[in-house]
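Quick one: the structure is below, questions incoming.
In order of appearance the chains are A, B and C, and numbering begins at 1 in each one.
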């Protein structure tokens, strides 16, 4: 399931220049060590120049022609982006198959675009909407009055609970849950009374959510995942959280209720954020960090509790120094004992 | 989808007193900053008194009338609980729609109460039971001889594996798995032989489990989640664990096999508990702590490995002090060198 | 749903010797404290000899006859393995029910073995294959051109995305996702452009994956889970990871892209592994450790960042010693002040 293109066709499409044979036929992309003559490969890092030299790749994407001699090259200012686009050309997704599968259940009051694809055993509830050219895979459940925009791809078994909204061009991987109840209880006399969660979850345009990600609905108001944000597998986003635009949330991150992330924030894998804090735009939270208080813009924090990365490095270094410090104290004690003995 | 009620009607239902106009009409609840004249809002914390003063809320829930002047008030001893109840009144869940959806598959030997609601593509296995007024959403799977009690709500795609039991009034969010096999292997000659997991998982009454939560079945005997316990999203509860009554398990917690939690234990987000330990009643485990040995009753533990919270605070403070200590040692060394030089 | 066997029948099947009455009838296994006369129990650890003495168990599995006197015994060199096998005999899984459920949707171009069992609302996509004697439970989705081998058990709602492969005798628990897209983006001008993930995920023979586990497909090439590896619930395995044979990955572990685990590696619960590292064969990663660089073979590492276990123990001990060290420095300072005062 791969297209065959010439190097020139790829170069034209991704905005690059060919050095060498523009008519070379390409039918796949592979890393340097696996590529054959029919493959396009890529050299991002000059460290791998030797590997590129010995690779059997038919052609190589590079940032500048002097990175690799004697090869057919596709020269692009942003080689990783060029690789992404070349992959789209060579391995395009299968064409949409408009129509609703015979086994799906679409409520008579729901609205499914004519050119959308709705797979087997999908449920589309009352008053729900699926937009143009969206693909809803097997077993998805679109709740009552929920809306999925256009050109989305919901992989199998995604749930969008009632009244929640998914924007355009979103990709939701298998097992995603949008709009589960937030975790809110009023405890009285040892009994945890449920606080009804009557808000919604809103996924803006161009968002991608990994497998088994959970986004709770707001208690009141909404939980929001901002435009262009990409979320890895098994991430938890609690009620009334606001995630800004263009953020990156790596696998198994957890964000507690009502916290607010600015735009372009990056959270490393398994990081945690307590409730009701603000993380400033462009800040970077290291993998496994615990954000226990608000973080300014453009910061880099690490550890538990999270502190500026340099401070964390120093604290860790100090820990290693305690042994040495103890030895120095012993020397001092001995010296002083000597003096007393004098 | 909101009811309109008078302030007096709400007060009567939640057990509060009206100060001001009892006939004010309320059609929603909103936080202070978003509320309009048709909304009921709430002031839990005197810190927000100024915000309440400037809010456009039609009425405000408060603990005592002197917290806010010149407003229609709903005075309740437990304002957060009152808010929860007012939400139920104003935003009630949609009425149940008794009956089994035409697309569902119910084994002839299964028993589904007449007034239960069973949604599209639900599977109810042989000998399984669904109790009165329970709602089973699209795509759920109730395994052979499993039982779900009365007045439960299983959100889409919940799985209750064979012979497992869910009590009354439980709420299971989308993607919950009850009764997956525990992680048990007998390793011999480098091969991990599966130990058959023939026990069950038992979810007692009034439990709520968040999206994509996993509760393994017991190897022998049972895994238990006690009455009234509330579990957040993506939590893992291993085989033969016993979680007491009224516990709170925040998102992404993991509890290893055979550990036992007393009643009213609280585990903060992403905390972990090793196998075969006991956590005493009413103990509090901080977010991200790792419980590596048993914890007494009424304790508060933090860190990895978890220790009493104060001890953890001191250890962290000490770490920060190492730098200073080193400077003091340097002063001493210099002083001693001086003395020697005298 | 239990078979009744004599002690001798069990002994013959598991390769053990009877001491006492070989005709004793056994209809279940239970731990020492719950076992009655009809049960077989087990004594692994001499510490529990007193409990075994007072147990009402009809017979007990032991490693050697001198561990317990006056009882019917099943003596086996590997008692835990014998227990696993005895469980299979006494509580066998229900027999397979070959055939495709009337409600399932199997694409005409798919191939399902005649003696496979395909449950309600299962989707088997175009060109997909299900092997002999495999059991596919309700709501599973086998994507286009994906393949599931023979004698597998896919619990409810497992997703195998297109072109991914599952070997023979695999057990995939409810909610497992095989072949979700890896987390790969080319960021340009603040926009995260998706890098198409066109590789596959390959689950080798005899693998078990816990509930809601996610295994991403490779960007190019493949993500691999090696033969005989056992993975607990809610684990994340990123794109192009290679997990060796016979590994154990405990609940909530996360492994970042392109990392490689040798054979027989053990990762404790909630451990994390950064991208592009190698973990040598037979190494042990403690629960909650963060592997931030490659680990040699046969190592045992702990902490964040992970370091040799002994080093981590020493660092933790040092932290506890800082208080004492400070006191010693105070004594020195006072002594020196005295001297100066002399």
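Things to note:
Just so we're on the same page, a residue touches a chain if its C-beta (ideal position, glycine included) is under 8 Å from a C-beta of that chain, and two chains touch if they have at least 3 such contacts.
What you see is a predicted model; the values in this text were computed from it and never measured.
Of all residue numbers used where subunit B meets subunit C, under half belong to both copies. The two sides are thus made of different residues.
Rounded to a multiple of 5, the C-alpha superposition of subunit A onto subunit B involves a rotation of 120 degrees. Computed centre separation for the pair subunit B/subunit C is 26 angstrom, with centres defined by C-alpha atoms. Touching two or more other chains at once are residues 103, 121, 139, 157, 175, 212, 234, 252, 270, 319, 322, 325, 329, 332, 336, 339 of subunit A. Against subunit C, in their complex, subunit A makes its touches with residues 29-31, 34, 78, 80-81, 83-85, 87-88, 91, 93-94, 101, 103, 119-121, 137-139, 155-157, 171, 173-175, 208, 210-212, 228, 230, 232-234, 246, 248, 250-252, 264, 269-270, 287-288, 319-320, 322-323, 325-326, 329, 332-333, 336, 339. The touching residues of subunit B, when paired with subunit C in their complex, are 103, 105, 121, 123, 139, 141, 143-144, 157, 159, 161, 175, 177, 180-181, 183, 185-186, 188, 190-196, 198, 212, 214, 216, 220-221, 234, 236, 238, 252, 254, 256, 270, 272, 274, 290, 304, 314-315, 318-319, 321-322, 325, 328-329, 332, 335-336, 339.
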